[in-house]
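Every chain is named by a letter (A, B, C and D) in the order it is written, and numbering of its residues begins at 1.
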Amino acid sequence: MPTILITGFAPFNQEAINPSWEVVKQFEGRQFGNTHQIQIAQLACEFGHAIKQLHALLDLHQPEIAICIGQAGGRADISIERIAINIDDARIPDNAGAQPIDETIVVGGPAAYFSSLPLKALLKNLRDNSIPANISQTAGTYVCNHVFYGLMHYANTHPNLKRAGFVHIPYLPSQACHHPGAASMSMETLEKALSLLVETTVKVNPSSDLPIKLSAGTIC
Amino acid sequence: MPTILITGFAPFNQEAINPSWEVVKQFEGRQFGNTHQIQIAQLACEFGHAIKQLHALLDLHQPEIAICIGQAGGRADISIERIAINIDDARIPDNAGAQPIDETIVVGGPAAYFSSLPLKALLKNLRDNSIPANISQTAGTYVCNHVFYGLMHYANTHPNLKRAGFVHIPYLPSQACHHPGAASMSMETLEKALSLLVETTVKVNPSSDLPIKLSAGTIC
Amino acid sequence: MPTILITGFAPFNQEAINPSWEVVKQFEGRQFGNTHQIQIAQLACEFGHAIKQLHALLDLHQPEIAICIGQAGGRADISIERIAINIDDARIPDNAGAQPIDETIVVGGPAAYFSSLPLKALLKNLRDNSIPANISQTAGTYVCNHVFYGLMHYANTHPNLKRAGFVHIPYLPSQACHHPGAASMSMETLEKALSLLVETTVKVNPSSDLPIKLSAGTIC
Amino acid sequence: MPTILITGFAPFNQEAINPSWEVVKQFEGRQFGNTHQIQIAQLACEFGHAIKQLHALLDLHQPEIAICIGQAGGRADISIERIAINIDDARIPDNAGAQPIDETIVVGGPAAYFSSLPLKALLKNLRDNSIPANISQTAGTYVCNHVFYGLMHYANTHPNLKRAGFVHIPYLPSQACHHPGAASMSMETLEKALSLLVETTVKVNPSSDLPIKLSAGTIC
């Protein structure tokens, strides 16, 4: 039975929890239909180490699909990332105290990789199910983008990993209580969103399905 | 058994639903403890008419507590309004096509009324229960503020209406799907929030409880 | 020759300058036409003390018009305040270390006073001169609103002060350099804006001019 | 004398002007020191055609440096773009009515190119001169990013074009008057900013200068 790897992150930036891990851990041991089994893992919020953890998980589980989830404090939508870029530029230190500035993630690697998730099908199915969602053109330059780039660089040389990508999610309401004015999303909505992300990714056939022409770009 | 009146609004501004009514209608026929019964009603999103509807409801039910709920599209928090101002300035027409600009709501009325809800106790209890909340210094100049002013003007001459005020709530997720980037709040969270608003208002004794010194102001 | 009093504030909240004072001090000794002379002053960013300073200036200069200017860090427009409310709720301590929470400014005073500046004429003339401007429904609950309320309370019992109000202005560009993403406005634009505010206030006749029906309200 | 090519765009999205062209046209015929001459041009806001125009200009003028400027309506800072991505996803039609969705700009081209401007030196010098500035991780997916990608793709095979990149600028104040709440920047500030961008790019030696370690990343 093919495997779907889903990762969340450890808390960072003085948060007690990370919503990505809070939702991902709900999926431990789940199956989708009788066709795919799910493996979950928590990644450290640490440059370098997080990619090593991820690559070890990919080597171990040999997933067909891998979706990394991260916290986007302040964003209101499920935020499906389009592209990972080959640079670290940390506004704050990571959980191990490292703060790389303008450092290349993979020396000699390409400037960026596009997600191989079916972005617009994900977007459409989330919205069709009343879950606020959008495509994001930047996953930032912190550990989330770092892991996303590491994931896609691995996928580039491992064709058995057919679909891989990154999704940012809002704060949980309990976190937003400490950030007046910041958007949040309930655990029920997040769990439904993650189920839909996995289901849709499994269903869309990369070689035969027509792409969905749904505009989700930005002017700048 | 004393009555609590809770109102929501009809949809406006091309929305199919109004989250205020969606959550208020869940409370039809409820009691709080064995001490208070709840009456609910939907108000029209129409200048003038909405206040007439509200005053008729207040005359009919003679509530001890009245809480009007409205939609604040784009706000992320449960937004407890501090003050109603004596002016209409409509950016868009109301549901009857009226668009008053700089018109006084009650000629000869004071410039503003403060809410008589226990604002900071409400704020604290919402946050203590993991519900994002804030105090708002403006309810706008549209039908929501209009009704809020009409409510407080009535309370000013009807001392049996001990507690009255207005609370704005975010879009529901299904609405935010049509407003990428806009915050939303799930029905479960909204319902829990409204329960806490009512419970806390009932419990706090206006004549004996010490005010809660919790800063929730803005610099500008 | 009748007097126009214009005040700015001392810097606060760790800023080196306050744009309100930077622009107001440009107007020292100016006249408007041969009809009005200008007096300027800097107010302390301190609850209580600032109103005492302002009232002493009003007693001394007996102005016909008084316009207080304050910094609205983060706002993008010239922000013409509509209403002052009778409450202090300080998110941060003032320059003397005081942080009042939910304290009445004038015990026994009304909940609020409307500005007596010709709001919509000001708005229209600023925009007609290519200066981004808006009406604001809240001056906050900090020292700016505090002074604004103190100003209007004085005007209420001093009919010779025919026009009085408060205007918030954005950061200067040099300040915004320390707040990435925050809007700013150049000194040239601010100076032109303040000239227009004064000129327009002088020209509009409160007893004969028709109000300008320009919508500038908010839904919430 | 080596050439610096600076381009702006035609107005789009119902604007009467484009601030990029308004500022760029001020630089017609200028020299920097006695070392570099400037060529300016306006590009159409049209997918495909704009890149053709740009490539013709690059072939004609053989510049050593090329900086394309575009409007970022709503952004508050001079926004130095870090990376161009190989995708068009248009939220609105361009000036010729085309609205590509998820189309590759250069088939077979890499997913992205990094700017070859000295990003952090530009950022530092702008801020040191009191001009609000930031690094942006996304130039969007509209004609600006399209041209930026076309520029960097050309640079990739034309080593004589030593420095190339894209900078987004805010609305002019006259435009922001029609977008209440939107940030703007004055022509004086924009012109000073563009001078500094050119000067700094000329001065920083790509082969010998140490990179400036100034964090300007985002978490997401």
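Some points to look at:
Definition applied: a residue touches a chain if its C-beta (ideal position, glycine included) is under 8 Å from a C-beta of that chain, and two chains touch if they have at least 3 such contacts.
Predicted, not measured: the structure shown is a model, and the values here were computed from it.
When the contact pairs of C-D are set against those of A-B, A-D or B-C, over half line up by residue number only for A-B. Centres computed as Cα averages put chain A at a distance of 30 Å from chain D. Centres computed as Cα averages put chain B at a distance of 47 Å from chain D. Inter-chain centre distance (chain A to chain B, centres taken as mean C-alpha positions): 38 Å. Annotation for chain D: residues touching 2 or more other chains are 216. Under the contact rule defined at the top, the touching pairs of chains are A-B, A-D, B-C, C-D.
Those residues of chain A whose C-beta lies close enough to touch chain D in the complex are 13, 70-73, 75, 79, 82-83, 85, 87-92, 99, 101-102, 110-114, 120, 135-142, 144-145, 168, 211, 213-220. Those residues of chain C that touch chain D in the shared complex are 76-77, 127, 130-134, 172-174, 176-177, 180-186, 188-189, 216.
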